[in-house]
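Two complexes follow with chain A in common, the first pairing it with chain B and the second with chain C.
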Partner chain A sequence: MNGYLKLTLFELNRFWKIYAALIGVTLISQAGGFVYHLRNYMNSVHRQMAVRGFRNYSEYREAFRGGDSFHSFVSFAEPWFSGPVVLCAAAMMVYVLFIWYRDWLGKNTFIYRLLMLPTERLNLFWAKLTAIMAFVLGLIAFQIVLLPVHLWLFRQIIPPELGISENIFDFVRNHRLLQILIPSTFPEFLVSYGIGLTSVTVAFACVLIERSFRLKGVFGAILYAAACGTALLAPNFSDRLYPLEAFWLRLGIGVVLLAVSIALSWLLLKRKITV
Partner chain B sequence: MIELIGVSKKYGRKTVLRNLSLTVEKGHITCLIGINGAGKSTLLKAIMGLTPISGGEIRIDGRPIDRNLYERVAFVPDTLAMPPSMSVAGSLRFMADYYRSWNPARASKLMDFFRLNPSDRISSLSKGNAAKLNLLLGLSLDTDYLLMDEPFSGIDLFNREQIASVFTSDLIEDRGVLLTTHEIADIEHLIDKAVLLDRGEVRRAFWCDEIRLNEGKSVIDVMREVYQA
Partner chain C sequence: MKRFAIAAVFAAFIVLVIGIYYVQAAGDRSPRFRLAAVEGDPQEARSIELLGWYRNAPYSENVKVNAEGSQYYDELSLFDRLHGVWSRELTPIDRLIFQYPDFMRANRAADYQDDGLLVRVQTNARFEVGKSRVTHSLKFDLLDKKTRRTRSLRADLPENAGYNGLGILDVQRSGDGLKVAVEYDILRNDGTRGTPEIRVYDIRLDDGSVTGSQVVHYGLQPAEGQEIYLSMARLYDWTLPSDSLVLEAVMTEVRNDGEAESANHFRASVGRSDAVERRLVVYRYDTGDVRSAALPVEPPDAPFSERLYQIGGDALIVKWSAKTAVVQVYGLSDARMKYEKTLTARDMQADSILNINPLPDRLYLLLQTQDRPAVAAFDPAGGQIVFRGLVEADEGAEGTDGNALLRNLDLDSVYMRE
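Right, the complex of A and B next:
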């Protein structure tokens, strides 16, 4: 197995406990919060049925023809649903920096060993980048897998006689976090995950600038990050561009920043990095 | 042979190594001696490509530093460079995974010699055992050269003796060893060549046997002459 694959597996292994905890928290919070709110809803349905003397759910449905849907039930449980998504996103943002700094910090400076491995140093960069992207995509995949689970829970608790819409696609399209995380078209996927990938490589380059030049590097990293951020956002400030032109411009800028950040990181790892 | 030719290193405006030249020969133990801040650790890191040099040239067997260097030169830093959550056995597996020059039979022999427990976590190792594992990881690579940064620092007497015994064993034979130490008295009889550093410059380099035979002086005597002059 080559150095890159070994290092990637190593990076994946190093984070698995925290990663498993994030997945566990997401499952428990979303499923638990959802079930709790569905049960509350059913309790209120039963109370209303008892008060009004309804004999079945169909009568209740006739009396309360509300606009309830799968989406609105998740909305009731919003903090339980979006909370872990935000937590996972925040954890990944922190880990983008910590995946490097953990090798420098502490009593055992592991970066000595990593930099002395008989493999291209850029493999360290690729391995960490692959691990971050795999973690992010894994969390998204888990979220996608959880949606049918939520739908199953919904069907277990809410009787079909209540006639509540189960359209899961409407839910994904209308949820403000999920519509970013799960793009519905390929260009949207390219933009969302392209920006994500570019941002991670820019962050990696910033860490390596700081690790190479220390105090001066802090200023250098801030300047580099600000320049990249401005470049990425620049198309948003122009009202002379058609949407398609803005899309291609944003994609082009993203590709250039990606290439520059990778080249800069390679140069720093090869020639400037200091332990 | 490791050759340093006119090597300079600056951290900002501070010059840490100043036009420094020296050689480390195979089959000999060379000791870098100097007070804190003399540039000893920086010199070892520069040889290993762990910090860039500002000027000069470093060659290993006539070739400049490249990634293949790490199969030919082992470095034992002054800290155990393995993640604290890893077990001792895990750190050996890690080395075996990445280095073609890893010698598992020698690693196993050293595990017995140092009485290290494979299931211990690195974070739970005493300072002495961490130093022994650190040394084991360096010695178990079949390399031509071995660099060691303060291998005796902060280690108690018995552990120091055990580590020092490695220097007279076949584990070191035929290799070129470059080490830094403050505890020169403990290993004076083991070293072949001493290089006295002061503020990034080589003040004196000499073969210990020659100075003993020709001038009747110990390394410490020469150190007194150089540093207290």
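Right, the complex of A and C next:
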């Protein structure tokens, strides 16, 4: 247990600079871009009001059918808003592979020192898996914290006559990217991130297959990933299954893939990868 | 130790933020609505469900409203959504999927059911190259509801020369057999249609053999340049037994307005077809009698919608606009008009009529009053409005400007609650 915790801390620690940068980019891009856009909007409103002699925002709203929602304002600033989310997602996908390869490809082939630690080799696998899931969920939590901040900024900059406030949950449910990353209900969250966890273990197994068998391993890894993907998607190809049956089948397949990938990784780490 | 503490804070941050988000999301409820009876039997309100949307700022949420309250699609659990709870009562097919999931698996269709039998019919066409002709057959899937045993039958239809299209109109049980009403069509190479034929086949249930057939003469004979279109009366549940086949036959005159060049620079003939004669046709399965009645031909730009319904033992022709619905009730035994009734939105204490839905023994009118949706039930047997209901915003919500909430509620259809 101690070995696992120390390795997890180690994994968390060695990525924190990039992680902090991702969080910083998200904060600056979303909040900065949103404020920039909102201020531009208000400047144009003020210009129009001056030109047309409107005395208050209500007159402007009447004339221009104004009164957009928080969602609409976010949509106008969408590249600023969704861009960093996509960047973080891409970074995490790359890091799922890089978290292993940096140990092999970095200076002094650091993996050999890790593998020779006086602890179960599988702890290395668990530590990396925990770190990846913690990074992903940390980004999600950070995004959840940012949303009320954005809503607060919206309420501060856009007067109530021109902006329709809404609650965060409706916004998330209807935002095309966030509705995937932050599912509506907790069971859906568990299912989504359960699929994510399974995908990460499959990717880890693929890396270990490649590291164990090198060139042959590349084909093996591709084959394994394709087999897992096909197995997970197989229920979609049957029109004989009702949606709930397909869901239970997919869940069962996911659990099996998770177990097989962990077992395979354990076997490869223990028997195949030698120092 | 410091690193452990930072990691622990990071983990606590994740758990707390995500936990609080989902606890609060679970408590986030859209406004509650309820259907209240204002006239007639309150039990009537409990037997129906209204379906539509609630406009929530920039979004729309699917909502159902009944006498007990309201339900939003977004508030269903993942499992309820996957289990099809939302649509379970909406159509006859959805109800059958819940009752007989194995029979409905992979082929979610049904044509007839009674207490003991559920029937699905599919058509098959086989082109015989040597004989240059198409032979048609019917494939029946039968479920014995009591034993839950299924079996299939194939019925080869006799050749009906000249027709190149076939569709099932209706299936009914008759003694130990089935009666299947089939529409034969002719579609010519030049795009014109020949005169369709309706034929009712007698099929034995034990071996699928065709024991007889009868042509349904609907009483229209097209001249050159005229075409006939047939359509079934709308029913709430077409799978339930009925002693009649109710159709509307419309004869149209095709007017050729010359040729025009399309956007792709092809020249194509342009024309329109106007109705010149309409008939209500009722075929009685038990006697084989056909009764028909001439219906008025309305101009194409008539300021109302018109639909034919079969409700209980009557056929209803309903012409409706936003302010008025004129209901003509025809008896199925003789195809004669029993009476005509004009229902105005004002008589129903509403501003406008939004939609009309048939239920097993009622014609439901969805209404809009000044500030809220309403509903009225017309009983064709008695010729009266027997129920009127108003949608109310639930207590609490009403206090926080319930009228504004009700103005954001758009209901567009009525369903039976099982």
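Operating definition for what follows: the second predicted complex is superposed on the first by the 266 of 275 C-alpha atoms of A that agree within 3 Å, B and C clash if a C-alpha of one lies under 4 Å from a C-alpha of the other, contacts with A are read in each partner's own complex, and residues count from 1 in each chain.
Just so it is clear, a contact is a pair of C-beta atoms (placed from the backbone, for glycine too) under 8 Å apart; a residue touches a chain by one contact, two chains touch by 3 or more.
Computed from a prediction, not measured in an experiment: that's the story for all the values here.
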item: Which of chain B and chain C A:110 touches, first, second, both or neither; value: first
item: Touched partner set for A:141, first chain B, second chain C, both or neither; value: second
item: Chain B versus chain C as contact partner of A:3, first or second or both or neither; value: first
item: Partner chain in contact with A:169 - chain B first, chain C second, else both or neither; value: second
item: Footprint overlap on chain A, comparing chain B with chain C; value: none
item: Contact footprint of chain A on chain B as seen in their complex; value: 45, 48-52, 67-68, 70-71, 75, 77, 79-84, 94, 97-100, 122-123
item: Parts of chain C lying in touch with chain A, wherever the complex brings them together; value: 3-4, 7, 10-11, 13-14, 17-18, 21-22, 24-26, 28, 56-59, 74, 77-79, 82-84, 97, 101, 105-106
item: Touching residues on chain A, where the partner in the complex is chain B; value: 3, 6, 10, 14, 106-113, 115-121, 271-275
item: Chain C partner contacts - residues on chain A that touch it in the complex; value: 5, 8-9, 12-13, 68-69, 71-72, 134, 137-138, 140-142, 144-145, 164, 166-167, 169-170, 173-174, 182, 184-189, 191, 239-240, 242-244, 247
